[in-house]
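Common to both upcoming complexes is subunit A, partnered first by subunit B, then by subunit C.
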Partner chain A sequence: MSDLTPDSGRPGVIHDLGYRHFDGVREGTPAIARNLFVTGLRHAYGLGRSGKSKVMPFLLLAMSLLPATIVVGVVVLTGLGELPVSYADYTNQTQLLVSLFAASQAPVLFSRDLRHRSIVLYLARPLAAPVFALVRWLSLTLAILLFTAIPTVVLFAGAMLSGLDKSDQTTSVLKAIALQVLLAMMVAGVSGLISSVSLRRGFAVVGSVMALIVLTGIVTVMQNIAYYEGDNESVSVGVGLLSPWSLYNGLANAWDAGVDTPVPVNGAWVPAYAIVAVLLAAACLLGLVARFRKVGSR
Partner chain B sequence: MGHPPVISTAGLTKHYGTVHALTDLTVDVGEGVTGLVGANGAGKSTLIKILLGLLEPTGGHARVLGHDIEQESQEIRRLVGYMPEHDCLPPDVSASDFVVHMARMSGLGASAARERAADVLRHVGLDEERYRPMGGYSTGMKQRAKLAQALVHDPRLVFLDEPTNGLDPAARTDMLRLVQRIGSDFGIAVLVTSHLLGELEQVSDHVIVLDGGHLLRSSATGEFLQRTGSLLVEVVGTEVERDRLGEALAQRGLTCRPRGAMVAIDPPPPELAEGGAVHDLIRDVAADLGLGLMRLQPDRRHLEDVFLEGGARV
Partner chain C sequence: MINTTIAKLALQALLGRRRFFLLLAFPVLLIGLVALVTALVDGDAAYEVLPNLGYPLVLPLVAILAASSVLGPEVDDGSIVYLLSKPVNRYGIAISKWLVALGATLAAGALPILVAALITGDSTRAVALFLGAVVAGTAYSALFLAISAVTRHAVIASLMFVLIWESLLGNLFSGIAWLSIGQWGLRIGHEISSALPDPANLGYAIIASLVVTVLGAWFAGDRLRSFSLTGDE
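The block that comes next holds the complex of A and B.
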């Protein structure tokens, strides 16, 4: 078997080229941030991760899409004069699914790197801790926005197919999307901050569920009690400042986007709701920046 | 050497409240492999984190590859690689995917990242297992994956924090050989920390010794191990013979002290040091006493001596 002995002159032999330096182009910080953003967005939906991790986000998305497709079917077939549910209210009605999506996917973006300490490897690279936190938050915000906007777009497509008034529908769909952006910023902030502090996935999910679902339930109950039992309506509106969902509903109500609240939000309450919503998102983002900055220095 | 130093620090200080992690450190690091030695808590990891811009120093300045750590830390992080001491790998990702991702986070394009990751994983010796999730890796494989992510963007300098931690002797030797190759064959400057002096003696060109946040010594490894001019002599027999030889040599004007079974002779006076006269003298004295000479060798220093000297000084 002499022809099997190694022979340097023979073609097809793999040579060890030794270490080769990289002299190609290196991307700047904006490109790296964009890359991290896209990766984070994909990971939020389980893309580029194990098959198992795609189940939860897509199951929830399918569940929140199902009613929309049924509504579209009914409207197109029966030729109703308007959608049975407004765009903004549809998001409100599916709030449990949206909150569950945020609670289950925020740990993917905010707990993993901290729990496994791979955050140190990121922070030893060009992106600084505040930029890293901001980009992660943007990924989750867009992931949540897509989650709420996709059914909205399906509803809008159905409305267009059944020949409803185009300008009316466009106005209210744009209002709904704008409100959803604000909602996504708040929900991403709250669930992200909770996940970055409680590193065990289970605790993070439970924490976010408490903050987004249980708290909203309590706020809604208190709003109703204050409205039916008390005589002071402003208590009912005031309590609405306490949760992202009641802020969303209150603003949608004030903006005439088709969401009913126990007591209409108007007057000075409108800027109060808007300011609190923006402050909540900003405070969560600052919290995230502080958290990552602290972890990076350890 | 004419090259600017890879790292230079001036009066670098880091205090955590009352804990002084680093005190007034002024040191230069050049190309090749530089060992950073010190016991746990001597300030090695703190120094690396300050140089990476992850920690702010309490005082002093430092430059890495010509960039100031406070103004241009982002530029520094573009050019250096870092292998942390602790575990830092997500268990549910394969080494291959992870190293590609880390390359992209350092600014390499998609195809360049894949190519470099495959190259570097081959160099560190991760073969088929690179496609398996890292959660199932042995410590040795994890250390290799950690090293791969530090090298994937072809840095000009790598910080390796305790790369041999937790490795068995064979894997330790492999890792040290790899560290040496990074410095020589790859042409990447290396700052490698360890609390084991013997390891760094083998691989580094230069050694910096830290003790309790203070610089104990910084010099070429050769200087640490240079001959001290002292001699070690051993004769056949027990301590009685050893002492007889020592006393006889002392009478001839040499400063002797017992060390184990041997007699350690301090550097001889100049007239005896010339042309090996001291060797003849020792031979003659042993012959006169009827002692069998077993060993006559120059005494080399060990890195440990630096600590002993440092300890004596404090």
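The block that comes next holds the complex of A and C.
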């Protein structure tokens, strides 16, 4: 690209058609990436898009906020000494909504550019395909993190207002947020990878639902059967390595964040869970980078 | 009323390439899981997979996938215009497409439930669950076809109905059984085997399933009759 405007001496991307040259400061890849990140985050919630596309994300967000406000109301009115549900467990209880949000919004960030081939326009700028994939993934990760963190913050605010113990609540809310970061990374990776491979929106959504909801259902059933019927604790814990949500629950259980699993996760299982969770997020990210590199080179 | 060419085209859309494998994944997963648990533990433990996972999750997902693949892609890329510009009765189009979706739902959703339930041992229970799955699958496919004809976000809207209304809220409030297709199917299956729950009135369940099926197919045709093209998003 830089050899198109040899006189200016700086790498420009605007073709020289004889118009007056741009002499100001050119912002490079970081500025493009930052803009793409903010746009992606806004698009994940339908902001800057049509009114119809705002309905789904905000409807889901409202549904996941509603129980939190009810819980806060109950705690404030009845003066309970603690929240009836822990912060990390609240995210687990609303996992259907989180998974649906990821499944419905991942195609917005990952399918549309590929389906309409507008990806070539992005990649014609000095933004490499791997960076594009990484930035999209970051947008979706932050969107999912916000989705889980907003109800958590509402719960926390309610707990503070009703005068629950500050240090206890702060510790557990920080634990929950840290776990949610890991969860958002995994869920964004899985749903993003699926939507970048399957370009029809409907199939991307069903694929993500299979990977996030059906797989978690299978894992939960297997965990319960292995423990209650098969009497085998290590199989029950081991099966939990297979889905993002069971990894989240297992780590929350091991970290004492108030989530129950059929069998407590402890000992050498804890690092195993953490490593598998990080590996899952990393593998999905690598898959995304490979996918966009392949698409970008066409 | 039924147009064989449209049905054939819908079948091709359904079985085309990757969609077929996605559709095939559900029965393979379900039967594999049940067979594995039966082999490792016992039939009764494996049966728990069906009312918890197979019936409330796999069956509706197959119905969503089938209903949205017979109509969704055409609406999505706008090629439905060429179909609608032909002098063919719109209700005929809807019914032909619905029959294909129904066949796929029964073959990839209800039949695997029967096979999986038979693997766990009790055949009365298996037949009862199969009957429930056939009734629910019929109503589901008509409802989801109607949703596909209304909105571009048909898959998400249908998923919200199944996952949030029927599963999440249905588990919290027992009254939702009166407005839940899955529960009507279970009620009808309850007549054969009492292993299934008894959430609503039998007559009501039969009539409600029929009404949803007929209304769904009719409404899909009606929407196609006054179909308006809008841009993406």
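Here is the rule we use: the second predicted complex is superposed on the first by the 274 of 298 C-alpha atoms of A that agree within 3 Å, B and C clash if a C-alpha of one lies under 4 Å from a C-alpha of the other, contacts with A are read in each partner's own complex, and residues count from 1 in each chain.
Heads up, the rule we're going with is that contacts are C-beta pairs under 8 Å (C-beta built on N, C-alpha and C of every residue); 3 or more make two chains touch, one makes a residue touch a chain.
For clarity, every value in this text was computed on a predicted model and none was experimentally measured.
Judged by the touch definition given at the top, the superposed model places A:Arg117 against subunit B, while subunit C stays out of reach.
Shared-chain residue A:Ser50: touches subunit B and subunit C both.
Of the two partner chains, subunit B is the only one that A:Pro126 touches; subunit C does not reach it. Legend: residue contacts after superposition of the two complexes on their common chain; A:Thr261 is shown touching neither subunit B nor subunit C.
Of the two partner chains placed by the overlay, neither subunit B nor subunit C lies in contact with A:Ser86. Contact with neither subunit B nor subunit C is seen for A:Asn253 once the two complexes are overlaid on the shared chain.
Touch criterion met: A:Gly296 reaches subunit B, while subunit C stays clear of it. Of the two partner chains, neither subunit B nor subunit C is touched by A:Thr148. In the superposition on the C-alpha atoms of chain A, the part of subunit A touched by subunit B in one complex and by subunit C in the other spans residues 49-50.
Against subunit B, in their complex, subunit A makes its touches with residues 18-22, 24-29, 31-32, 35-36, 39, 49-50, 112-113, 116-118, 120-128, 296-297.
Of all residues in subunit A, only 49-50, 52-53, 56, 63, 96-97, 100, 103-104, 198, 200-203, 205-207, 209-210, 213-214, 217-218, 221-222, 224-225, 229-230 touch subunit C in the complex they form. The touching residues of subunit B, when paired with subunit A in their complex, are 49, 52, 54-56, 73-74, 77-78, 80-82, 84, 86-92, 101-102, 104-109, 112, 116, 119, 123, 149, 153-154, 181, 185-187.
Those residues of subunit C whose C-beta lies close enough to touch subunit A in the complex are 18-19, 22, 25, 29, 33, 37, 40-42, 45-46, 48-49, 52-53, 57-58, 61, 64-65, 68-69, 72-73, 76, 152-156, 159-160, 163-164, 167-168, 233.
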